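Below are two complexes that have chain A in common, paired first with chain B and then with chain C.
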Partner chain A sequence: MGKLIVQRLGLGVVTLALVSVLVFAGTELLPGDVAAAILGQNATPESLAALREQLGLNAGPVARYLGWAAGIVQGDLGVSLANRQPVGELLWPRFWNTMALAGYAAVIAVPLAVGLGIASAAFRGSLFDRVATLVALATVSLPEYFLGLLLILFVSVQYGLLPSLADTWSGMGLAAWLKATTLPMLVLVLVTVAQIMRMTRTTVLAVMDQPYIETAYLKGMRNGRVVLRHAAPNALAPIVNVVAFNLTYLIAGVVLVESIFNYNGLGRFMVDAVSKRDLPMVQAAAMVFAAVYVVLNLVADVAAIALNPRLRHPRAKEV
Partner chain B sequence: MTLPVFGRLPLSALLGLLIVTATAALFLFGPMLAPFGQEEVLGTPFADPSAGHLLGLDQNGRDMLSRLLYGARMSVGVSLAAVLISFCIGVPLGFLAALNGGWPDLVGARLIDVIMSIPVLISALVVLQALGSSLPVLIGTIALLDSTRVFRLSRVVAQGIVVMEYAEVARLRGEGLWWMLRREILPNALPPLLAEFGMRFCFTFLFVAGLSYLGLGVQPPFADWGGMVRDNQQGILYGLYAPLFPAGAIALVTIGVNLVVDWALAGRTTVQGENR
Partner chain C sequence: MTTRGTGLQIGRRGLLAGAAGLSALSLLPGQLRAEDAPKRGGLLRMGIGGGSTTDDFDLRKLNDWVPVNQAYMVMNGLVEIDADNIARPELFESWEAGAGALEWVFKVRQGVTFHNGKTLTADDVVYSLNLHRGDSSSAARSVAAAFADVQKLSEHEVKITLASGNADLPYVLSDYHFLVVPAGFDDWANPIGTGPFIPESIEPGVRARFTRNPNYWKPGCANVDAVEVIVINDIAARTNALMSGQVQAINSLDFKTVDLLARNKTLQIVRSKGGQHYTFLMDCTQAPFTDVNLRQAVKYAVNREQLLQTALLGYGTLGNDHPIPVTDRFFNTELAQRAYDPEKAKFFLKQAGMDGLKLTLQSSDAAFPGAVDAAAIYRTAAAPAGIEVSIQREPADGYWDNVWMKAPFCMSYWGGRPTADQMLTIAYSSASAQNDTHWANADFDRLLGEARALLDDEKRREIYWELQRMIHDEGGAMIPMFGDYLDGVSKKVKGVTPHPMFNLMGARLAEKVWLDS
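Take a look at the complex of A and B:
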């Protein structure tokens, strides 16, 4: 098992390195000159040349990539083109804001969705199962801003229960923070619960079709006990995969949700940087998003290996 | 007189087909049906719905219904173009990779694994940052990013077909590449690819609307549903329904296509070569 996990970790590092090449290539090698983009209309050939020199644009692409990648490995994310501040100082607070929001949503969504999924698998074909499937299908199709706007309209405008903008600042109390971020959290929960629930249901049902489940029923065990004691443990590894897969979706979905509620997170940071065409900020944000994505997938892989009894106690090799 | 086929349709599929047909009609004839131009300023911003303006006016005092009708062509058209291009790139390459194998297949598959390890939205933002947002860039970017998913699916499906006896027989008969692609693989790969087309359209449609909502997709003055949600969003704070019309339209189209795909997939969920 240890060897497998080390292999996965190595694969993750390689993937991240390749991703960094893609992010760099995508932003630097495409047509369009960064210096011209910064100076815009009033660029003279002299000022362009000076700026290119200053930004180190005259070096070859490989040398520039190596310089950029070396900086990232040492925690130096570059300097913003717009206001000349180090990208790291601007980025990390926003990153933690996003992680806090995503974590808040995950804490609510994951237990709820897995519970509902197991329940609807246990009562397959019942009214509860059918209603849950229908609601899941509906919320999966609804875009985040539709749900967000509906929540704003009913919860904050008509009844004034929660603020419509997720205003947060450093040093605010936990209660105030929870109140401000509850609406964005709800939207994220709504769009992820349905997916996790549906996939958990399918996974548990696949296990329920196994012969040992039939044996358990034939022994005279009750439905709930069969589901919880026999089916759920064997479905655990695939469920962990499903959850991790959907948490990565949460990371991307957060971009839209932050825009709806004007939340100061990494998603809005990146969107703003793209509209200003601030290259180092976009590169850094893209790398951070990609890293979170890769790490989550890695955790899912390792957890699936750790939870799989056949991999935990490899017997086949010794026989 | 009712057509016999409609008798066997479940209610959900019927609803889905109805929505898809209506969307197609709006895409083809929307701008012609619009009572006003998409940029005509007709009154005060956020005016309430009235007989002349069934859905009221938007944040600049333009007719909401007319802009929705114009936006239908833009929103559906951009997504449709992107999905069509992504299939034109992904399907032939996927088939070829499965048919020929070897190192180009391996390199292609690994490269695509890496591209897919970045969230699509993030990749799209990186490219849009470099090239700026215009319609050709938007369609091209989404098509290229989407084609990686199409490539993966068509490769897997074709790999399942290539090892079938009838494909083996055709190869032994000495059939050329074109015959293999056109007569052996394509007809057998069509059902899963059509279902994928529906799902990809849904995804792309939401994606384009999402980018426009972020202000990085379709640019003004063109009306497009995602952008309209963004423009009218402040109205919600005054308890107005203005941004809910375009947002609801986006949701409705997505639900409709989803229902049709679900119905088309029901009963044959085991895609050929799926567990390879």
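Take a look at the complex of A and C:
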């Protein structure tokens, strides 16, 4: 098992290296350059040339990539072209903001979804099963921005229960933070619950059709105990996978939600950076998103290996 | 960035309510008195679009609405443009022009202190102006290039010598890049100024908080105890924040939803007429627009009224193919408004020896929100005139870099400028780097230079009228409409007026308003 995990880690590093090349090449292909974006319509050829020189945009792409990649390996994300501040200082607080929002949503969504999924499986075909499935499918079918605007319209504008802006700042109290971020959290929960729930239900049901479960029932065990003790643990690996997949979605896919609620996270940061042509910031943000994606998938893989007895205890020479 | 305001805009609803009874009218004077007196105190929360993580207060790079509004909270300009588009003294207390408007002496206001306690002197003014001069990456570099010399005469006098005479120099100095910082200052993340508010915390692109400057010099201003700015770039999020009461003022309303927003009784819609206008640019150096007849044909083939009603929902005024707005003191009132006339367009096509014309119009919503729709409206109107327009939609990304000034036929906009001279110079003089129709006319250039140095307003008026006519008849820009600046402000915020320069009272709303308790 150790070897498998090391292999996975190695693959992760290779993936990240490839991603860095793609990110760099992708940003090179963007039309326009940062000097033009900073000066906007006020640009004149002289002021453009002066600014380009000052920003070091005249070096070749390969040289700039190597310099940038070397910096990343040492944890140096570079310097913003627009205001010469270290990208790391701008990026990490927003990264943690995004993680906090994703974490808040995950803490609610994952137990809720897994619980609902197991319950649906346990009461397969019941009214509860059908209603839960219907509601989950309905919410996942609506795009985030529509759900978000609906919630704002009713919860914020009509009834004034919760703020429509997820306006947060460092040093605010936990209660205030929870209040500010509850609406975006709800949107994220609504769009992620369905998939985890359906996947949980399906895998638990697949296990429930196995002969050993029938044996358990024939032994006279109660439904709840069969589901929780015998079926659920064996269905865990695929569930962990789909949960990990949804967590990466929570972190990488929050761009829209952050923009609807004006939340100061990594997604909005990246949108800002792209519109200002601030390539070091775009590249750093893209790398962080990619790293999160790779790491979470790695964790899912490792967890799946760790939870799978057949992979945990491989038999010597059996194929 | 242009002309005269139109006086306080009373919301339609307010107007109707006012007509409801005479008793309401008789109460009005008393109410006005109570409202006229600024009240001290309270927290003003503003949601402003147009900010980014990398914003700072570097005066050379100011070009987005959040930094510009915040800069006016912390700093003062040299000259202020008032609601009637007149240049008023700010840190320059008074000025005098020499013969030919070539040499100007400005008196620096005395008794003004910076937030760090330093007293304002001529050195600070000279330093701040020099930021944009010479080998600078400043966005105002071309404007400042006209200053041949900036010289300190005494502790409170500055002399500016121009390369060529300009009677509008005070207006030129009202540019938002020409704000004043202490001499030698360059810590742009932690700005120091003489302005109405002192920064307490600034998180660029996110939020900032400013507290009242207890020593502020301008009377009747800096009324609220603190201002919070929340950066909200998304128009829907900004509107929601205003409706749910999380902020009390937002900028740049969406033309499409402003009528719905006006129904909300707790809000006032501030509609400011200005010089912001939208253009269809024909490159006069590229085929087929080298022929002035074809340019005329294109100008007659647009249904301006329809465009104004559809693209701006009526929140603007008709354009007459020149960039001077109706509210400018030099607006040519005798030039007939060009109307939609397919027959005349056909006539001009014939003059050019053509039966029909095929054009590709490059468009993007980067030019202005709704530009692609406007292009489609133009296509429909142009067809009966024998002009077949195909629309090529360009990505908003990189539009200014790749399409504007390069395509033979594309769409764009201009923010207004405080004076006719500035507007005509930047976009139509052949020497300008931003002459986006590449139109070159030696007579035009000569007259423009002549008018600039004249101190006699009547003579200038004659020349500016002629220049407008020249652009109207020969220029490469089809200018169908001017758009208003629209802001949404809570009715609890008092002292809000329209302003000809940009949104939010010329970016000075925080300085002027007060809160109703």
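FYI, the second predicted complex is superposed on the first by the 279 of 319 C-alpha atoms of A that agree within 3 Å, B and C clash if a C-alpha of one lies under 4 Å from a C-alpha of the other, contacts with A are read in each partner's own complex, and residues count from 1 in each chain.
Please note the rule applied: a residue touches a chain if its C-beta (ideal position, glycine included) is under 8 Å from a C-beta of that chain, and two chains touch if they have at least 3 such contacts.
This is a predicted model, so every value here is computed, not measured.
> Determine, under the contact definition given at the top, whether A:Ala290 touches first (chain B), second (chain C), both, or neither.
A:Ala290 sits against chain B, while chain C stays out of touch.
> Contact-wise, after the overlay, does A:Trp169 reach chain B, chain C, both or neither (first, second, both, neither)?
Second partner only.
> Which holds for A:Asn262: it touches chain B only (first), chain C only (second), both, or neither?
In the superposition, A:Asn262 touches chain C alone.
> Counting only touches as set out at the top, which of chain B and chain C does A:Ala273 meet: first, second, both, neither?
So A:Ala273 meets both chain B and chain C here.
> So in the superposed three-chain picture, is A:Val191 touching just chain B, just chain C, both, or none of them (first/second/both/neither)?
In the superposed model, A:Val191 contacts neither chain B nor chain C.
> May I ask you to decide whether A:Ala216 touches chain B, chain C, both, or neither, giving the answer as first, second, both or neither?
neither
> Is A:Ala109 contacted by the first partner chain B, the second partner chain C, both or neither?
It touches nothing on chain B or chain C.
> Answer with first, second, both or neither: which of chain B and chain C does A:Gly26 touch in the superposed model?
So A:Gly26 only meets chain B here.
> Considering only touches as defined above, state whether A:Val226 meets chain B (first), chain C (second), both or neither.
A:Val226 contacts neither chain B nor chain C.
> Kindly list the residues of chain A that each of chain B and chain C touches, one partner per complex.
The overlap between the chain B and chain C interfaces on chain A comprises residues 30-32, 149, 152, 157, 164, 259-260, 273-275.
> Inside the complex, what are the residues of chain A that reach chain C?
30-33, 36-47, 50-51, 54, 80, 82-83, 85, 90, 149, 152, 156-157, 160, 163-165, 167, 169, 259-262, 264, 269, 272-276, 278, 281
> Where on chain A does chain B make contact in their complex?
Against chain B, the touching part of chain A is residues 15, 18-19, 22-23, 26-28, 30-32, 137-138, 140-146, 149-150, 152-153, 157-158, 164, 248, 251-252, 255-256, 259-260, 270-271, 273-275, 277, 279, 282-283, 285-286, 289-290, 293-294, 297.
> Tell me, which parts of chain C touch chain A in their complex?
47, 52-56, 58, 61, 63, 135-142, 188-189, 201, 203-207, 230-234, 236-237, 240-241, 243-247, 395, 397-398, 400-402, 404, 433-434
> In their complex, what parts of chain B are in touch with chain A?
113-115, 117-123, 125-132, 202, 206, 209-210, 213-216, 229, 233, 236-239, 241, 243-244, 247-248, 250-251, 254-255, 258, 262
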